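One chain, chain A, links the two complexes that follow: it is found with chain B in the first and with chain C in the second.
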Partner chain A sequence: MSMVEDAQVLPVTPKAQKRTNRPTSRGRLIFAKLARTPRFWVGTLTLLVIVLWALFGLAFYAYNATSQDVMSMNTAPTGNHWFGTDEIGGDIYAQTVVGLRKSLLIGFVVGPVSALLAGFIGALAGYLGGVWDRVIVWFIDLLLVLPALYILIMLYPLIKGGSWVIVMVYLAIFSWMILARVIRAQTSSLRDRDFVKAARFMGVKTSTIIRRHIIPNVSSLLIIDATLGVGAAILTETTLSYFGFGVQPPDVSLGTLLSSGTGAATTRPWLFIFPAAILVITVLATSLAGDALRDAVDPTSGANRD
Partner chain B sequence: MIGFVVKRFVNYFILTAIATLLAYVLASLSLNPAQRYLGRNPQPSPEVVTSILNGLGVNPDIPVLERLWIWLSNLVTHGSLGITVDNQQVTDVIFARAGVSLRLLIIGSIIGAVLGVVFGVWGAVKQYRVSDQLVSYASFTVGATPTFVIGVVLMILATGLNGLTGHQLINFSGEYTAGLQGNFLVLFGDRINHLILPTITLSLTAAAGYSRYQRSAMLDVLSADYIRTARSKGMSRNSALVKHGVRIALIPMSTYFAYSFALLLTGATVVELVFSWHGMGEYLVHSVQQNDINGVAGSVMFASILVLIAGTLSEVVYAALDPRVRV
Partner chain C sequence: MTEPLTITGKRAPAVTPVLEVDNLSVTFGRGANEVKAVRGVSYHVNPGEFLGIVGESGSGKSVSSMAVMGLLPSSARIRGSVRFQGRSLLECSDAELSGIRGKDISMIFQDPLSALTPVYTVGHQIAEGLLLHDKKLSRQGAAARAVELLKLVGIPSPERRAEAFPHEFSGGMRQRAMIAIAIANDPQLIIADEPTTALDVTIQAQILEVMQEAKEITGAAVVLITHDLGVVAGNADRIAVMYAGRLVETGGVDEVFHAPAMPYTIGLLRSMPSMASSQSRLVPLEGRPPSLAALPPGCPFAPRCPLVIDACREAEPALSGTEEHPTHQAACIRSSEITSGKLTRSEVFPRPAPVLEGAPAGTDGREVLSLKGLVRHFPLLKGAVFKRQIGTVRAVDGVSFELGSGQTLGLVGESGCGKSTTIMEILELAKPQQGQIRVNGVDVADLSKRDRLKMRRDIQVVFQDPMASIDPRLPVHDVIAEPLTVHGVSKKDQQRKVAEMMELVGLDPEMASRYPHEFSGGQRQRIGIARALVTDPKILVLDEPVSALDVSIQAGVINLLKDLQLQLGLSYVFVAHDLAVVHHIADHVAVMYLGRIVEYGTSDDVFSRPRHPYTQALISAVPIPDPALERTRVRVLLDGDLPSPTDDIPGCNFRSRCPLYQLLPEEQRLRCRDEDPSLRTVDDTSVACHYAEHDALIDTVAKR
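Now for the complex of A and B:
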């Protein structure tokens, strides 16, 4: 008997023994998985570089977004004007950096804010259940019938001449619906768990239960969608601004920059290609990071298949 | 199955009807139809402006709900959506433009869905191989590119191609060449030629989203027990994947299609604007710019009807694929 037991015990080095004894937290597991995903590093490092570039890109540059160089108008990229100039001698590189700042700011505010909105509304619907649940879900479906872009275009006359902050608020108001439905489905399965019941029977207020017990349990979804939402918000903002319904001149965003560069896109491509490339790289970086997060958080993804 | 579809249709119908009415109210509140006339020089007298606005049924002094009621009763009794600021029936404008949008939407969504499903299934079956990585990165890149950028980049490429070959191989401005003479075949060929770039733009955008979703749906199915059962009873890998895998993985896709239809409409609107097609999406945008409340309401109603049809269609596909709802 003892021989069999001896035979089954594999030789274990003390170091490995120590590691198995330590309990592994969920956060550590997720981070270990993230660290092994190239997508995550590509996404976050690119995003970091872009943010730093938006902040310090003009520090050692001779021109700014409003300066006009009368000696070189309509020039292709040179050592002096890195991305070329437009028809009044404006510097495209400087304008791109300034536009990128605005687009990034809008993205980084709208993504998390709409995820938070989705979290609270979805959790409220799922937790309350019954009539409230049906009313909220019905309202969400109603908002989803028409494309958000249509609603934003219809609201445009109200923001004409207004600041870009209003555009940001509008974007946040109209981009939480789909995530809210996901959160609601998660919450309605959480609400019958023992820890939530215990809190309820102890007389904890509904708002406190949602804040302390529901939101933390759906937080991974919220973090993922806040990340993906950054890219989505930048896309919607640039599309709106491109057609003149978003950020209004004199404010510059990547969308307004692309809009003014389109007319000459086939003859003077530098007016369009550089801002467009920066935009695509930025959104791509956020979606790669968000996708890697989703893979790391979701235990069923990446399982061994057939 | 019919009962299920009818129930879903009624649900969608109520939602789209209310969305249209809300859009009318929203447009009435945000647009200022008088602005068009107040900017003229010499300025028309207030009586003239009021009578024009009354004629259009958009006088802001009448309560919104009352105007909505008149608009709605006109629609029900006369089948009229009111008149535009250019004194045309909105329904006539819609009939003239609907075909343009529908052509783009139908061809674009079919090509997009087929490409998306094929690439999604391919990516799932070849998970983590080079081809999967390529498809994934391609769909991420397309997904990260705004539709108008895809359109403009395609235009730049087509111009380059035309210049390189010395022929006008690909036409991309407008929906057809104005003033082109010839028989039916020539005109038809011209329309097809103009269709190429807009369709590629819309289907690429659609396919990028579909393929990501189809891939994850297919991955869920591949690890299921019934695939292993099918394999162990001697089914070949390919037929097990198609008969038991793809069919099941299409069920969540049919629901996703209904949700993503709004995205498709957005994409089609952008494509119409970029390639200067005179479709319904462009009409909405122009109506907003011209402060034309009836035009906005009409084009929103058109979009709502499309959403209703797409939603019902996806429920029919859902019911056809999933035997459980048919019982």
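Now for the complex of A and C:
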């Protein structure tokens, strides 16, 4: 701490005498701290491996997700069928790889997008206050009370032919509201904090204030929500598939694999265990990386306290 | 009162201390996170004695007293012994402790709102405390006693007030209610942790009076914990100074104040701005207290001590007295040199020389800011869905003043009088509800959006709490550069400018990529000042810029502000409730009461010869860090609190609390009741009082 003491007794001089090396920007500081966190590397490298596997896992594999090997139905994992087969001879390994692609896409789009939506809409309502706040909150509450699944069922005729992309949009639209209300409440207390007032008196634009001050100060919540949202979206998609939306046969996702494999979990565990394990690993790796990110944006958190 | 017994049951010698703390230490956390908050503290309090414990923030004052009360979380590891009337408190069970707490020992906290339960009436809570410890008392009896107690602590119309809820009380009244609860069961010992820190000076003076009274009525011993030496000077019998979890000096109040034997105490005393001197620079105590997590060996004050020698870093000096003053003890290996007079106080902490002499650069006294009849009223609304106006809050009600370039205007008054609203109105740079604001001769109502943005360069603000006014998630460089981003300054110029500003306020530019939490309070306030200066403004609005800082750090920041004003020709609007600070820095002073200025004049005139009874009361409420002066001083005390700004008071709005009004004959009072006094010139100051020439009160103030 000697540096701190020295600083206070520095003489007051009118001009800067020495050129200093460039100060590090916030982005770089955050990244530097991330890079020093093992959790971050474990999380991201695991995710990277999973993504690469989803992309190239079938490159040197004899079967694909739709192929049926009538010679071996209901077999446990073998050298031929790495994760075994189902009752019609479908290869579980290939299905898992293909399903993973879809699930990753759904999870990693829906989780972050809904957190971002929540962040911006909540922050906007909380920061602007007054009429805007009331209108936005009214809208949020409306979305909250709407029976979301019912709407989807009503729209079914319209979206029947549509792909699972619609499900993604649907999931993103109906999952940000509660967090948005939390963020709004936090923002309205942040708004009265002196540093936000100070920015306003400097003439900083509203959008900049939200981006520079509000969002980073509520980011812990956003990051937690985004990472949890990844897993939640993957699982919700399962429910929807069950009702006949989203990913439909012969297309597969981790969700559909899991739901069809659950019944056989005790008798033919390979139908269930492999997709489930991949899902758990994905979710864990995401929250590990998310956790590291949250610590990195919070300057007062453990690692760089000295 | 029965004679206290020792544990062996023998009759105790003449004085057995009520409280004896021996070698108390408190540790939080384990391993690398271990924080030694209290490290071997010993003291005693005799019956009826008033002990003041003084120390900077984080010195362990609160933790040591919480340990005495058994109120620390279970994660705290406590060693040593605490004896209350001979009983060892640390060995008591929780149930036994609860029996003692609130009955024999009671505690008063800094924040009375959190100590009172919001859902019960104040009367109920006092009665509850009585019933808890006296099973024979009836409910009615307890309620009646509660009203009596409220009356005792000076709450007006106590019968009605007993029915009120805590949130309906003002800060001062809540603290009185806390004192009422504290003395309800005739305690032997009252521990008060910063009971007046959250209050205005005028209310602080009242509370300290009430505490003295409470002490006399109950005969209890009092331990008052505070960071403000002035608070204990007039009240305490003995003082203990704490630093880094240890006592570093103890002794009678006169000994410690007049012949401090330890450099830290000397520094604390010398760094306080005094009402007596206004011209010379303050004496800063540089640096900050050490981190209690990793204390280096030796004297903990060594990094900040001007007398440090190599021997200091070897072993931590023990608290020891001298032959002739065994009760006056100090923990410093060089204290004998200090007490013997070989080292004088001014040698230990010399007054720094001003950086520049003479008139500020480029100041011609031209008007840079002027307010004319500024008004800001807030409608008071009621109803959830259909809001209707049930009144008006007159936050600012016709304020006028002028600020010349290179000058400082001090704006003083109790909290809630409209100081902050006034400066917020200025900073909005928008057309006020009524009246006129001119900056550099331009009426802000006529500004276009572009011009307003440009004008923001010229007028910047420094806030009270450096923790709150800086975004904790932004590196310091970005914090300071923020005002520049608005004006399209290139990244490279921003960096140059930020480095320049950091040098200017005494921070190392190398620290630009650190986060705010790595800086101490005083340094953070410097960051706030650097941010305000980065656009080269002409006017700086300072909203209580030093009141959140420890005294030792305050001095450094005030010196810096004074130097910057000389170097850069800045003009300051300086809002503060600490009159000593204002006296030190301001050229002109405006005293505000209920949205109006009641007295306005040069600092010297106002402070040497206050005309308005309110100003006189404010000045006399400022505690003076000199026990001899403080004890003989006659105070002009104000009754009650600031009235609600929604009240429509005919005549003089200060009447309800005016001490002069009380002294006036009836025919003169008439005028105070009927006629609203406007500002008029008396000698060289403007005063809003019909009887400003009256000397009845001034005589008493002049004696201070």
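Some notes on this structure:
Heads up, the rule we're going with is that the second predicted complex is superposed on the first by the 186 of 306 C-alpha atoms of A that agree within 3 Å, B and C clash if a C-alpha of one lies under 4 Å from a C-alpha of the other, contacts with A are read in each partner's own complex, and residues count from 1 in each chain.
We adopt the following convention: a contact is a pair of C-beta atoms (placed from the backbone, for glycine too) under 8 Å apart; a residue touches a chain by one contact, two chains touch by 3 or more.
Predicted model, so just to flag it, every value in this text is computed and none were measured.
Of the two partner chains placed by superposition, only chain C is touched by A:T24; chain B is not.
Within the superposed three-chain model, A:V70 lies out of touch with both chain B and chain C [touch as defined at top].
Of the two partner chains placed by superposition, A:V131 touches none, neither chain B nor chain C. Of the two partner chains, chain C is the only one that A:V297 touches; chain B does not reach it.
Of the two partner chains placed by the overlay, only chain C lies in contact with A:F201; chain B stays clear of it.
Contact with neither chain B nor chain C is seen for A:A59 once the two complexes are overlaid on the shared chain.
Common to the chain B and chain C contact sets on chain A are residues 300, 306. Against chain A, the residues of chain C that register as touching in their complex are 286-288, 290-291, 303-304, 355, 427-428, 452-453, 456, 460-461, 463-465, 468-478, 482-483, 485-486, 495-496, 498-500, 503-513, 515-520, 522-523, 531, 556, 560, 563-564, 567.
On chain A, the positions that touch chain C within their shared complex are 1-20, 22-26, 29, 193-195, 197-199, 201-205, 208, 212-213, 216-217, 219, 297-300, 306.
Within the complex, the chain B residues that touch chain A are 15-16, 18-19, 22-23, 26-27, 30-32, 127, 140-141, 143-149, 152-153, 155-156, 159, 216, 219-220, 222-223, 227-228, 231, 237, 259, 262-263, 265-266, 269-270, 273, 284-285, 288, 291, 296, 300, 303-304, 307.
If you check the complex, the residues on chain A that touch chain B are 138, 141-142, 144-151, 153-158, 178, 231, 235, 238-239, 242-243, 245, 258, 262, 265-266, 269, 272, 276, 279-280, 283-284, 287-288, 291, 300-301, 303-306.
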